[in-house]
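Shown below is the structure under consideration.
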Amino acid sequence: MVPRYARPAMTALWEPEAKYRIWFEIEAHATSKLADLGVVPQSAADALWDWWKTEPAIDVAAIDAIEAVTKHDVIAFLTWVAEQVGEEARFMHQGMTSSDVLDTTLNVQLARATDILLEDMDGLLDALKMRAEEHKYTPTIGRSHGIHAEPVTFGLKLAQAYAEFERCRARLWDARAEIATCAISGAVGTFANVDPRVEAYVAEQLGLVPEPVSTQVIPRDRHAMYFATLAVIAGSIERLAVEIRHLQRTEVLEAEEYFSPGQKGSSAMPHKRNPILTENLTGQARMIRAYALPALENVALWHERDISHSSVERFIGPDATITLDFALARLTGVVEKLLVYPERMQANMDRMGGLVHSQRVLLALTQAGVTREDAYRLVQRNAMKVWESDGRMQLLDLLKQDEEVTAALSPEQLEEKFDLDYHFKHVDTIFARVFDTDGGELDEASGAA
Amino acid sequence: MVPRYARPAMTALWEPEAKYRIWFEIEAHATSKLADLGVVPQSAADALWDWWKTEPAIDVAAIDAIEAVTKHDVIAFLTWVAEQVGEEARFMHQGMTSSDVLDTTLNVQLARATDILLEDMDGLLDALKMRAEEHKYTPTIGRSHGIHAEPVTFGLKLAQAYAEFERCRARLWDARAEIATCAISGAVGTFANVDPRVEAYVAEQLGLVPEPVSTQVIPRDRHAMYFATLAVIAGSIERLAVEIRHLQRTEVLEAEEYFSPGQKGSSAMPHKRNPILTENLTGQARMIRAYALPALENVALWHERDISHSSVERFIGPDATITLDFALARLTGVVEKLLVYPERMQANMDRMGGLVHSQRVLLALTQAGVTREDAYRLVQRNAMKVWESDGRMQLLDLLKQDEEVTAALSPEQLEEKFDLDYHFKHVDTIFARVFDTDGGELDEASGAA
Amino acid sequence: MVPRYARPAMTALWEPEAKYRIWFEIEAHATSKLADLGVVPQSAADALWDWWKTEPAIDVAAIDAIEAVTKHDVIAFLTWVAEQVGEEARFMHQGMTSSDVLDTTLNVQLARATDILLEDMDGLLDALKMRAEEHKYTPTIGRSHGIHAEPVTFGLKLAQAYAEFERCRARLWDARAEIATCAISGAVGTFANVDPRVEAYVAEQLGLVPEPVSTQVIPRDRHAMYFATLAVIAGSIERLAVEIRHLQRTEVLEAEEYFSPGQKGSSAMPHKRNPILTENLTGQARMIRAYALPALENVALWHERDISHSSVERFIGPDATITLDFALARLTGVVEKLLVYPERMQANMDRMGGLVHSQRVLLALTQAGVTREDAYRLVQRNAMKVWESDGRMQLLDLLKQDEEVTAALSPEQLEEKFDLDYHFKHVDTIFARVFDTDGGELDEASGAA
Amino acid sequence: MVPRYARPAMTALWEPEAKYRIWFEIEAHATSKLADLGVVPQSAADALWDWWKTEPAIDVAAIDAIEAVTKHDVIAFLTWVAEQVGEEARFMHQGMTSSDVLDTTLNVQLARATDILLEDMDGLLDALKMRAEEHKYTPTIGRSHGIHAEPVTFGLKLAQAYAEFERCRARLWDARAEIATCAISGAVGTFANVDPRVEAYVAEQLGLVPEPVSTQVIPRDRHAMYFATLAVIAGSIERLAVEIRHLQRTEVLEAEEYFSPGQKGSSAMPHKRNPILTENLTGQARMIRAYALPALENVALWHERDISHSSVERFIGPDATITLDFALARLTGVVEKLLVYPERMQANMDRMGGLVHSQRVLLALTQAGVTREDAYRLVQRNAMKVWESDGRMQLLDLLKQDEEVTAALSPEQLEEKFDLDYHFKHVDTIFARVFDTDGGELDEASGAA
């Protein structure tokens, strides 16, 4: 976790205090159910909850001090709670194993972290939708291989991003379902010393579902899937960030990150306005992707469990979620405040001397009876002249002067092929597909909603 | 792709001929719809399908020869088809771009590959269920950290694997839905020169859904999610493979890969029977995981597309699916034929002098009024003697001789704590959770079925 | 391995026949030394080498057929050789274990593969040097964040790439040294049944050094380092590929991949000239990076060895070296034939209205006694006007009209700050550092040469 | 960075204050040289150093507050220094660009971090050597595939680890040389506004070498190589950790992590002594490996630089070095205090009924004139009986009763083949190779020393 790439709400989730609060809730709910089942006295559960109602501070340092002796975190915590609550606390943790607490806690943290990420995602989707509608018909050149291809609208670019992040949102829901499970099943998952009804009760209280079969731990394929999903989302963040970085290049300059008064782009070059937010996002995406790897290696624990996953999760649990939360929020801000330059988009498109219309001419020639091979040759020989003139020649002019072309198409027919609106006749269709689904895409992809 | 880790049905899917057949189908279906819409003559579509009905061989070498000149694969293919079909073929590919064909084809291949993987997964689940039922009550020691913990049954181990692969099956369904899309949207995804109804028709014919918004390509977050999912499945394969490798170690030897007559374990040591199939699976799992990485990097294409993803997909499309197909089939064989040694399981459990029952004694002491701290101390001091005797002392004997213990628990009470069946009272509950769900887990996790 | 990304010499190295030839050489050299030591009859070694002198074909299919029964590759090979050579062959492999042969063979293959890669690298360095000299003083704009910064020369860009690949070349030498080791140490590396002098002799014959301590295998940290090094080189390939892709974008167009007659950029858009070679290289770089991962996971084999590394190496041994060989050769071709457009470089630089000289003005103001803060403010307020004029205003003109500026600097002083050559006065120094080292950098970094 | 996996000296290196101190040193040394060259007044340099001699505290919060306005870290720092030093400070940073400071600082931090890692490595090597000498002739079974193979000594296992970490040490030296470079070359690396002699001077003062050609930044292939090297070292850590985890498993128990008084292995099972330190190391190794990935992706920056690498390095700079420092120190402690059980090693070896000697019998039969195929069959049929008896039968007994065997070898000859010392005759040779090199291996591999 890098403080400058962290936001408070998400960070708080991973503080020791937050963790201990969840530990207590699990232990206390379990004790409640054990009392209900007659395994421990009701007074034990009451003592725990009575103390909890006093809204006690969690003395992290005191717990750490006990752990320094016992070298076992859960025992340290139980010892500290017993010091606070007294005699009755000895019934806590009856028949449970540390992992019952630790694994369920991690899943509560991940589920709550995902709730924040889902909110972030909603914010990003809102921003993308707003800007997409705003630029629904703003013409700009579509590019493949970095080369001008045919016209699109800037709104279409954002609609594409919207659809991609809507898929990401659905994946996030699925990922949440993967890890929102609870295990209170004892030392090797047999419920030998703890009734399965305790697990069911705790799960319900915490908004989780019981893990069908745990070993000592909740199986780590779930967490691998979770972090792999965050990695995919990071890829989508990088995609949009890279798009904006491209648009802001000096020669393109069709859009820019918002540049606030007082901001200095360079200590040496006062004129610079750099896309540093999106460059930063690119780097953050690399990190979030990297965190998926150790999660994938964590799956193959030995027998009923080994603890190699634990040190990994101390890193990636906070680091992946905190960084993704920050990245989503930052990307939302970039999109919301993005400076968009339609005139420059038009100017760039015009620089190519009409080459972007070459395919339409090709099709028209074919439809006029020219063989595909000949049509290609005719268009290409004129297109190449325009290309080599660096935009000073106009394709339409050259075509009108090419007798083989004019033998097939009249000047009027040629001119009609250079109409920009022709390309935008289905923008509305696409927008309807993307934005008028009321979450239909979500349902289709996952059903998790 | 390594031939020895490849099976024919999956490999065939990725042969050039299979690819060209899908190309043809896409082009011909598109032409049919274009004819239907009046854009091209019906005779063009008829000519294509008439030729196709002759079940023509695909001359891969001839197409390659054309590509060597044009340096463009789709143009080479179209040229070759035109040579076969004649004049009418010039209406093919009207308004489409190469990526319409290439991207849709890749998705058809991945969807079909996934169908094979789903069958593989069903076979593995069947094998796991069969062996789990067989060993539902075969006692074996549960281990955490590689250290004996408490008893489980061998059936429970397999039930855990079953539940894990059932999750993998659900994820595979989701992954299939991610990539089973079709785009026929033209050079930059605007449908400028091709009606969206062509896309809808081709999608329907091929069992795909139309991509809501494509650029020039189908967005690569879909493929990233697909290959990330295969990586997670690889982790689960590795987990079961590692379990079997552990069980086959000389000192453990609770199970063994089937050893066929004539097989030699070592050129130097004739006595060796090595878990080489599961060791191989471990390596294959590493490969399948690795293939997810470039897929994740493929997401951030430039603008409406760059072609950097393409060389990656030429590798990982076949390599990841072929290797996973092989690995699932191999693992199924290993599970089906696994030699299981219940006597050895019992013997290993007995070696610990009853230490596996220590927790029950701890709980009984607590319930008899001893403080948790004292109970832990009493059990540990006797347990440590057993541990250090290397299994020659029995915990029960020592406890009966410990006056602080017997002050709280009678010999009969102590003996009752050493009953093995106590641990298996919920095996049936767990089996019901895992096996009696009729795919309930599937629905719960994804809804993709 | 993807055939279209493979070259014959490297591919041949990984064919079964090449492997079997190395196997034979190892076994036969070992038998020679064993005969020399009196362990086996001299006639055994003679029989092997006599047969070898007949230049026998290796019948891969026959060996495969034997392996199908024995399920052990080395035994299958020894059996086949014995069938060819007769009775005397039974002394082969005396005291050795399969891994002695397999591991040493892999290292011979990797060392030979590296020799090819080093030649490739030399070719690339030659091309870079040639083009760097050619464009030593071709002015072009330097860019940070994609934004125009200050002038550089195109030769400097290539010199940077040269220095980077020279480092890669040194790393490749180091990587070769990592894996050019030989182990003939028996089943667990103790030389129990084979004299260490056999290992020394075989190593010498094959140009390797003896592995100081092997287990059953040569330790895999060596291979991890090897493949990690290839991954770093892939990163450098990607860097140059991405640079060229950027230079070829429509709006930049300062350089282009060579476009051969007959080549078609797009089936739909005849005007397109796409940087597909460098886009392909980008994808190949992703693959080569990915192959490092399983190599890193291969290090932690169990005890004296497990065989999980083997299936991984069947993939990455050929795939990583073949793909890197192809990528280096392709990149060399791209550099050699790169179309460079100095006029366009100048035109792009001029578009910014002289903003690239802003830092010099800033410094001059400071040196003339203006505080740094004030100087920054003065330059920035004029720079921003130029920026917002989209290059229509000239910074020099505006500065001359700014009274606060002219209070510190005269028009002549200002003009002098807009001199392009000022930026190139140390080009020669840098070129000398990069190109006049006679491999000094190599020695400094590694000493491996 | 996870506090519990961090040690103070390494952590301090990455604190903001440490960073700012290096920034100051770079700026002040540069100013000294600029004064020397007559570019700035000597009084400017004097003012800086005079202030520095007062050992001023660095007010991190004040600098942060300035950065919140300027959004540029180096400008914020320069502004704060100017506030402290006064008027003369305006000559600082003359002709330099932020990256001159930032990149050189990162390399200073990495070089100093590597110095700590090299010390750690020395400590680990010492511990390994000490324990290897101690157990040079402690017999233990060598295992391949987890199956008993032939005898080795425990000292040999540790010698193997020693040789591996000695290689890691050499790699670390190489990695340090990769990143110990300095760039003071201005906005695009042309030295347009700063004399190369400034770079040379600052480099010398800081113990670095000048970067031959920088762009705006020091090229990131260097850092990729650095972090890739740490990843390889992590693999070696994992290997030794996994070995110890295996040795501590209940059924093996040939060695154990030291178990301190008061330590509790499990909250539920008082008898447990778990290898948690080495399990933790396994997880930490996964993290250190993961950090190499984004470093590899950082190489391909755009043009003269983009800043995407920066956010990555804020994570992995500290996280990879701090975690590796901790892991090396922890592993050293584990090795130093490892509890080793020679009796158990002997007992485990004896369990196999002499099967570990099977290869020697095989060889003896071959040398006595039996064909290899027959010899294999004879040994295997007896070995299989022993194997299936679960160690109750002895191979020597069975061989003595096998008439086909005794036709070739007498009982005395057979007995001689079961001598353990036979296997250890070259232990001294191997130890000499590993330990008597006086760093020779280091020189051979890299020359970096």
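Just so it is clear, A, B, C and D label the chains in written order, and each chain counts residues from 1 on its own.
To be clear about the criterion, contacts are C-beta pairs under 8 Å (C-beta built on N, C-alpha and C of every residue); 3 or more make two chains touch, one makes a residue touch a chain.
In this text, all values refer to a predicted model and were calculated from it rather than measured experimentally.
Both subunit A and subunit D are touched by B, C. Should one ask which of C-D and A-C has more C-beta pairs in contact, the pair is C-D. In summary, the pair subunit B and subunit C forms a contact in which both copies contribute largely the same residue numbers, shared numbers making up over half of all those used. Each chain gets a centre from the mean of its Cα atoms; for subunit A and subunit C, those two points are 33 Å apart. The mean-CA centres of subunit C and subunit D are about 24 angstrom from one another, to the nearest whole unit. For subunit C, residues touching at least two other chains, in rising order: 78, 143-146, 149-150, 186-187, 193, 245-246, 264-266, 268-269, 274, 276, 279, 282, 289, 293, 297-298, 302, 306-307, 359.
Interface residues of subunit B, counted against subunit C in their complex, comprise 1-2, 4-5, 69-72, 74-75, 78, 93, 96-98, 186-187, 193, 245, 260, 262-269, 274, 276, 279-280, 282-284, 286-287, 289-291, 293-294, 297-298, 302, 306-312, 314-316, 319. Contact residues of subunit D toward subunit C in the complex are 78-79, 82, 90-91, 94-95, 142-146, 149-152, 156, 159-160, 163-164, 167-168, 171, 174, 177-178, 186-193, 196, 209-210, 212-216, 219-222, 224-225, 228-229, 231-232, 234-236, 238-239, 241-243, 246, 282, 285, 289, 292-293, 296-307, 359-360, 363, 366, 371-373, 422-427, 429-430, 433-434, 437, 441, 443-448.
Here subunit C touches subunit A in the complex through residues 141, 143-150, 245-246, 248-253, 264-266, 268-276, 279, 293, 297, 344, 348, 351-352, 355-356, 358-359, 362, 376, 379-380, 383-384, 386-387, 390, 395, going by the rule given at the top.
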